[in-house]
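Structures incoming, each one as structure tokens.
There are two complexes below, and they share chain A, which is joined by chain B in the first and by chain C in the second.
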Partner chain A sequence: MLFRTLKKKDLPRLYDRLSDGNRIVGPTVKGAEKDGKAIYAFEEISDFNNIHLDYTSTKIPAKKFFMPFRETMASFRMKGKEWDKMVSFNMNSPLVFFGMHACDVNALNKLDKVLLGSHYPMPYYAAKRKNMFIVGIDCIPQPYCFCRSMGSDTALHGFDMFLTDLGDHYFVEILSDTAYNFLRQITNEEPAESDHARYMKVAAEKNRKFTAHVDTTDLTKILDMEFQADVWKKWGDQCLSCGTCANVCPTCYCYGVDESVGLDLSRAQKTKLLYSCNLIDFAEVAGGHNFRPESHTRLKYRYYHKHRGFVEAFEESLCVGCGRCGESCLAGITVPEVIASVRGEES
Partner chain B sequence: MAETTARPKNFLGVPVAKPKVAFIELSSCEGCQLQIVNNEATLLDFLSLVQVVNFREAMTEKSDDYDIAFVEGSVTRKDEAEKLRTVRNNARVLVALGSCACFGGVNQLKNRFDLDWVKREVYGNSFIDTDKAQPLEDFVHVDLRIYGCPIKKEEVEKIVTNLVIGREVHHPRYPVCMECKANENICLYDLGEPCLGPITRAGCDSWCPNNRAGCWGCRGPADDANMVQMRKIMTEQGFSDETLIDRLECFGGFKACVDNIRKGQLK
Partner chain C sequence: MGNQIKFTDVMAGRQWRYFRKDDLGAFENTYTAEITAVHKLTAVENLFRIQIVNPEDRKNFTFQPGQFVILELPGIGEAPFSVSSSASRHGDLELCIRRVGSLTNYLFRLERGTHVGIRGPFGTSFPMEQMHGENILLIAGGLGLAPLRAPIAYVQENRNLFNNVDIIYGTKEPSQLLFTYQYDMWRADDVNLHIIVEKGDPSWKGPVGMTTRILEDIFTHRNSEYFRKTYAIVCGPPVMFKFVCNKLNERDIPMQKMFVSLERRMHCGMGKCCRCNVGSTYTCLKGPVFDYWSVMNLKEAI
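What follows is the complex of A and B.
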């Protein structure tokens, strides 16, 4: 890894270089909550001044750009007795993410394991993932963030460059030669000894700010032991089976496929729709049998996939601790509370 | 209305029969039927898929020879109940079109009050024969429901296409929140407003939240809707049971739930 520093006043110039011929996506303000707190969203940016690098976290994760909520996988058209099939991976032009937090970079790395690294990679994901450039940015832990418990508070790979705010300049980690070549075009410096010291101080300060935690010690085993625990029922009774948690989760990748025939009967379309294991028919199979008809069995499944199944397959959990699911759940179901209750702890 | 029987239709090279279709209204605002004639872009395709033999919204001649009957509106009079039974006998497939037909709709709001009082308030002293507003299923067997007040035209087109080519018709079983998140809306609760999205059946593409208005439950309950939790959420967010009941009662789909709240049985 290569380290440089960049004066804050030169950041717009980096933006200009990156946006030359590329689409830029960054955190913007989408609205305000009733108490006045800003609501942030990743959106396409056309003006550097609309990027809010001091954002907390976005309600909807960046996954919408490489796993859209709805995506056409193929369309079909009858031509006499023949038919045409059109497939597009829906990658129009490369995307530059300007200001992604470590948790969200790590979420992408986890998705890569399944969607790029498995026997059958997902081309719709790969096309977009392979054509993006990521500028990471450091963050201030919010009351709901427990990324540190999940080992996702720093990103080791999966980005091109990562900025850490040191006051009047940024500490820049460079991971790709693309990033190196971009940075070469603007003024930047070799970090001084004092910058290293300052970086470590900033990191230590950040670590002290975490208030939410999840104890992952022996968690896969504990989940095995507590499969029949009563607490699941309690959470299940609260759950609305609404799917919001999966929709706002940066690592949930489940989807359903809808096939529809056009009104003129000469066209058809296959559409991918993101789905959630909390929805009532997630585990319903042909013939109508539902393996998880009760809400608590579905909610439990979500936790087992994230904190047990995925860990056994990839030696890491499918949760980066961003806290989005708990923040958006109207029933107030949060990961730290659920895990603590399964461990028999008061949270 | 133009002659629509001319071209024979086929699907994947196999000819498909053009079902004879009737649109029939009982007590309703005819808004659902209007939705169907609303979209000129797809109307011709729609009309080449079926043979419409009865549609007061758009034609004058009528016939009682039809395969599929789309019945709009709720039953509020004895003669309507009779008409509905006749339609049931004529039709192979009876479709309840819209919330009035499915649940009683806005009309059923009057069921809360004394009927004589309602008649006096609405019609004064002129005599009018009107009874409780009831859904179709209180009188006849309903084969298929198309939810919504009004219905969503795209959904009707999809359902009719599937009926014609013999595919199963599925409704989303999850609640509106699912579509609302896919549309990246700001949640109404974050804005301090109530919304029945978490318990209402999806399919409208979160029509109201897309326009920054909370859901009123016009499509009725989603499968396994968690009413107890919905009530808790409303209370926690500072909305009274009255606000909740007002919404739940609006279209009639949550009648059982409202009854339970009133009886103190929803805990």
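What follows is the complex of A and C.
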């Protein structure tokens, strides 16, 4: 890994270089909460001044750009008893993500494992993932962030360059040749010994700011042991089965496939819709049998997949600890509370 | 535009046509297939003969008994079905389908000659080669005979490789019996066929009861040597698995020598959509065929 430093006043120049010929996505202000706090969202940006690099976290993760909530998988042209199928992965130009936090980069790394790294790699995701240029940026832990418990508070890979705020300049980690060539076009320096010390101090200060924690010790076994525990029913009674948690989760990837016929009956479409395992018909089969009819069995399953099933397959959990689900949950259910209660701890 | 990042075409230099698990082109690869014949089996079940149109693809299409395919009706939807035909017939498939949902209701209205899509084959299979030289119990309940018909065909075609072969098949009523026209042929191939119904009708002369009753009957005539060298394949409703597999376990048939096929509603068949998740894994990747030991270790499997 290469390290450089970049003066803060030169960051707009990096943006200018990147936006010269490429689409840019960055954190921007979408509105305000009742208490006046800004609501952030990843959007396509056309002006550097609209990027808010000091953002807390976005309500909706960046996945809408590489895993759209609704995506056409294929279209058909019908010809009597026959048809032709046309497939498109819906990606035709690279996308620059300017200002992505470590948790969201780690979310991509986790998605890579299941969507690219195992059997049947998914081309719809691959086409977008292989055309991303990511500028990561450090963050200030919020009261709901438990990424440090999940080991997702720093990103080791999965980005092109990563910026850490050291006061009047950024400490820059460079991972890709493309990033190196962009950086070369603007003034940057070799980090001094004092920059290393400053970086470590900033990191240590950040670590002290975490207030939310999840104890993941033996969690896979505990989820097996406590599978029949009453505590799940308590959370299930509270859960509205609305699927918001999956909607705002940067790692939730499950989906349903829907086909529809055009009005003139000569065309048809196959559409992929992101889904949620909390929705009532998630595990329903033809004939109407539902393998998870009660809300607590679905909520439990969501935790079981993220912290047990995914660990079995990939040696890590499918949660980056961004806390979005807890923040957005209409019933106020948060991951740290659920896991603490399953562990038998008072919350 | 001097700084344009190079666009990566993920399909550059890759093949669409051939099906390999790790090819990006495999994901949305659909074989165009034609419904060549529709056999009416019962009031609600038909056997559809579906042939991959391209002769080369048809020949190259291989599957193992127990695997499933995803049938696509463009504009209507997709659904997974176990292949009911012999694996030696390659891409000339037979799917035994019950009319139960919107997709199958539409399928039942299609005529011979209509084109449909086939994706797959997906999932695990019954390890037939492991069973060579052993006895086999093929146990089916209701529509469970559909996935069982592929291993039955394997046994018929390789009858010399197996010792005692029993098919135990139970349905609710005689009118629901599937593949009645094949029973004589199975018997002729030295397969013991035992059929039982839960409720008989005036013309029914066979036994009445549950499949476990047949098991009890035939087990009284088998010695411990038989059970030491016996495999079982069980297909049917989940409730049946427990009763049948416990009965087999009483005779010390190891759980790893019993195989079941689970049913879930897959949307992708490739471990991506999560709709068929069972316990900590996917039915489409680690299943649908599981040995009973694995089933016991999967939460909510049966």
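What we mean here is this: the second predicted complex is superposed on the first by the 342 of 347 C-alpha atoms of A that agree within 3 Å, B and C clash if a C-alpha of one lies under 4 Å from a C-alpha of the other, contacts with A are read in each partner's own complex, and residues count from 1 in each chain.
Rule of thumb we're sticking to: contacts are C-beta pairs under 8 Å (C-beta built on N, C-alpha and C of every residue); 3 or more make two chains touch, one makes a residue touch a chain.
Quick caveat, the model's predicted, so the values are computed rather than measured.
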>> According to the stated criteria, A:Tyr144 is in contact with first (chain B), second (chain C), both, or neither; which is it?
In response: neither
>> Taking the superposition on A as described, I'd like to know which of chain B and chain C A:Val257 touches: first, second, both or neither.
In response: second
> So which one touches more of the residues on chain A, chain B or chain C?
Replying inline: C
>> Applying the document's definition of touch, where does A:Phe162 land relative to chain B and chain C: first, second, both, or neither?
In response: neither
> Which partner does A:Glu312 contact after superposing on A: first (chain B), second (chain C), both, neither?
Replying inline: second
>> Per the contact definition in the header, classify A:Tyr40: touching chain B only (first), chain C only (second), both, or neither.
In response: neither
>> Tell me the contact category for A:Met78 with respect to chain B and chain C: first, second, both or neither.
In response: both
>> Contact-wise, after the overlay, does A:Phe97 reach chain B, chain C, both or neither (first, second, both, neither)?
In response: neither
>> Quick check for you: in the superposed arrangement, does A:Ser295 touch first (chain B), second (chain C), both or neither?
In response: first
> What residues on chain A does chain C touch that chain B touches too?
Replying inline: 78, 81, 260-261
>> For the complex, give me every residue of chain B touching chain A.
In response: 9-13, 16, 42, 45-46, 48-49, 157-158, 161-162, 164-165, 167, 173-175, 177-178, 181-184, 186-187, 189-192, 197-199, 222-226, 228-230, 233
> Which part of chain A faces chain C closely enough to touch in the complex?
Replying inline: 17-18, 20-22, 73-74, 76, 78, 81-83, 85, 87, 89, 92-94, 96, 114-115, 118-124, 126-127, 130-131, 133, 178, 182, 185, 224, 227, 253-261, 268-270, 275, 277, 282-287, 291-292, 297, 301, 304-305, 308-309, 312-313
> Can you list the chain A residues touching chain B in their complex?
Replying inline: 30-31, 33-34, 39, 41, 59-60, 64, 69-70, 78, 81, 237-244, 247-248, 260-265, 273-274, 276, 279-281, 295, 328, 330-331
>> Can you tell me which positions in chain C touch chain A when the two form their complex?
In response: 1-8, 10-11, 21-22, 24-28, 30, 32, 72-79, 100-101, 103-104, 111, 113-115, 117, 263-265, 267-268, 270-275, 277, 279-281, 285, 299-300
